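Next, two complexes with chain A in common: one pairs it with chain B, the other with chain C.
Entry: the complex of A and B
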């Protein structure tokens, strides 16, 4: 990098360019094993189609999920599409890196990352991109467009898309991705202390499992504590619920509850990002190189 | 005398595997409990669906509603029972392990030792399951005890009332284990031809996840899907034992179901033997 282009801070790395290089390298790597890439994409996609089949089966028995919650078939498919969008981004960008992180700690390869003149968390969490996971992003977008079209054009009680909803939806999807990213970084960071974190990934899977359904289903003596826990302590329920509601629920982003949820979502995202940053930096202090 | 030696060998193999398993028993018990977590969300989902149906039908109580012949409590019982049958029939790492041994050349040791590979690995699996149950029994008993109300009000054919059904249920669990073992071993042995079986294994897992009854009771499926799952062996891995327990399958249907299961086992035992025999013929090992 020439100092003349950055007279103010000549040492500052260009994060965007570095990231684009990572993304390109991963794409080149993926394209080297083209059949493998194709199989992985088809596999990821068929998993989603099978899931969709399960919900189609459910909606042959009922009109909505939960009593008067407003989660009818197409509203729920907006929810499902949102889940697909969020999860595909997390799986494409962060999952392969988090898995590699514990390997780097075990083998001592983290030394190299620490020595690079770039933010370690950035380097660790974006080094590899798993492009084949993005097929579900496309599938999610198609399902979303189809479901929203069905909701807008249905005869009784059609959905009115407000400009606010259209602007807020991508914003809250981004918040959801950020919350999951924070959770993943925090869990990966604990492998510095524990040495190995196989069960922590199971743990991640089990936790995010709770984010995949509308929060209204967690009701009653056992449900409400669960809902509180996964909203205020580990806010995974925010991840999909807030954006899906903004778009699919006759949920007026202008009423006080909508505003409160939205503000809480943004606040929770900020807090999670800050907390994961803190956990990551603290864990690096405890790192003892394994190789040398 | 030789029989005694053989039993001693088996016992040693079993004991080694058991001790290996019991080293991390705390972590293991916790992991078993965590495996019930996905069911928790499923139960909440079905409760919400029952509430919606109750509202739509203007019913007073969800206990009067049944979807596709399952009341709410039966749904919960069904999911708990599939956990139990999956604990018997699932074979984590078996197919990929066999394929890896073929690739790495580890298969050679079965060619020079007087040990049969499929038999040896079957013993290993039995030890694995025995060890698994000796620890997992605690968490399982706890969860089933906490949910004991879900097993009340079952029909007279259910295993809670009928000893015959209980025996049939236990038989189907054991047969599910044998079927699961030979089915996955067959997939692993394809590794003699393809070396990498990850993609077939993935397809198998996808089908088994949705069509074994792990996700939902298979008799909910409409035609033509219900005929399709009836023709596949996958339903014996999760759906069949649970349905037997709940009294959904009884009488001649039960006898027929178990017979077909045995036939599937015979088929996969024969197929895996044949694949092993043919695979060894074309296998070539190099190096040490």
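Entry: the complex of A and C
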């Protein structure tokens, strides 16, 4: 059933199979609290719909975000759909674990994770799945399909979907998810040193807030330093911008700026993953294990 | 070669000393007082394969810290330890597949799910062969009499039932070394007894090596031939349970039943009188003086019955803890808490 079942090396953990069991157990648990699950799904969806309504309202006043940026209504909705896809994956797979992690450290429950013959970071960061968040993934996919259809079929300057764009889009979405994952693991790992880190959720919201808009809006005296900071120091700006641009603004990938951005995106992803691994391992060295 | 070898193992914690009061708390935001707490101070120990060893000691003596070091959950400050040839805090998978840790105060099963779902997860993490997994699971849950509770969410189990499930989870991968940290804490007498019986049976059958910490002398007496007493991070005793009394108690308790009630009035001459219930008395006398004292009493009084016993083990151990505390207090010069400001 599982593609990872090689009897050749029984020492090697079956990561995919274990992850599927995590996902299954989480679903069983969610189903035990059916009403809670339903409320969570509805709440997540309504927030996205309200958000979408807000931008629809904005586009009754203007045709595009900024002049000559190329972010017209449907281009921007591609951007918005990409945000939804990325965020729903992060919220479904990583957010519950990051929160749980800081609790495991405070209560000493991390002990059990350290005992298991499997990668600790894998175990800690993937053991819970919040299925209700995935409803926004579905909503995002629908919005994406609808917006791309509008762009491709419009009379004036229709969009040509190149094979490159179709291949690169999911790749850069995956990069974006990996960057957010790394950031989240690093943030959560700091609770080992701090003992308690309840600002995690807030901090997370403040940072990712900047990733939700096209980078062109960060302009001028205040904007440029922000753009620079959130591209090169904490690279959350490229999380949504790079894939959305690849799909909705196909002129860009051919220019040198587009290629540079794509390469930078991949490099930044590698760097973030490596950095988060480093931070996570360092933090485990300082784990004290609450008394029992 | 011993299955567990510990040399000079030391672990200290830096603990933040919180001052009392609001002003002091505010000051603590900027200048923190820290204190080094020595949880384990240079322990040496060797355990052979198939031994069932108990760690005894008061709260905070370093028993749990030692088990956590041996499980690789925390890193030591200095010293070495090898379990089955592995250094625990390297956390190699090859090591982690071969031991288990059960803590009476912490649980690892998914709270909202039936225990069998957590067991299934263990099967996959440890890569246990499915047929063997089912066999082991059924055998363990039969022995512990919790097989019909496998489908019940863990949060709806009693404390004793949950502990049995925790034990099952820990033993599914058939570990060669088992660390048990107060596995019977908070359980009623029947549940305690069941778990003791299970552990005894399981250990004898598989000849695995077990280290156990417990505050219940009954656990220890029922299970372990070898007892290690740890207080203040040091090993104070290593030997048999009965040996504790020989080593640390220089006294015997003599219970006397007299023919007349008034005979007990002048017992103070012979030893410490522990109980006076005319016509019965209990006195404590130095071990070496038992024969002489008995002879003297018999010469003066009519005695209907007499018993000579060791003092209760709990008392001897409590005295031992207290004497180590006193010695420690005497040894340490006044600045017991070297405040190190950051």
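In the analysis below, the second predicted complex is superposed on the first by the 279 of 292 C-alpha atoms of A that agree within 3 Å, B and C clash if a C-alpha of one lies under 4 Å from a C-alpha of the other, contacts with A are read in each partner's own complex, and residues count from 1 in each chain.
Quick note on the criterion: contacts are C-beta pairs under 8 Å (C-beta built on N, C-alpha and C of every residue); 3 or more make two chains touch, one makes a residue touch a chain.
Computed from a prediction, not measured in an experiment: that's the story for all the values here.
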Chain A as common anchor, with chain B and chain C clashing or fitting: fit
Computed vertex angle (chain A) for partners chain B and chain C, CA, steps of 10°: 90
Which of chain B and chain C A:18 touches, first, second, both or neither: second
Touching partner for A:32 - first (chain B), second (chain C), both, neither: second
Partner chain(s) touched by A:154 [first = chain B, second = chain C, both, neither]: neither
Touched partner set for A:287, first chain B, second chain C, both or neither: second
Chain B versus chain C as contact partner of A:43, first or second or both or neither: first
Touched partner set for A:116, first chain B, second chain C, both or neither: second
Closest Cα approach, chain C to chain B, once both complexes are overlaid on chain A (Å): 6
Common interface positions of chain A, toward chain B and toward chain C: none
Interface residues, chain C side, partner chain A - complex: 13, 64, 68, 71-75, 91, 93-94, 96-97, 100-101, 103-106, 108, 110, 112-113, 117-118, 120-121, 124-127, 153, 181-182
In the complex with chain B, residue positions of chain A that touch it: 39, 43, 46-47, 50, 53-54, 57-58, 60-69, 199, 202-203, 206, 209-210, 212-214, 216-220, 223, 226
Footprint of chain A on chain B - complex, ascending: 27, 30-31, 34, 37-38, 40-41, 44-45, 47-49, 51-56, 67-68, 199, 202-203, 206, 209-210, 215-216, 220-222
Residues of chain A defined as touching chain C within the complex: 10-11, 13-14, 17-18, 21-22, 25, 28-29, 32-33, 107-112, 114-118, 120, 123, 285, 287-289, 291-292
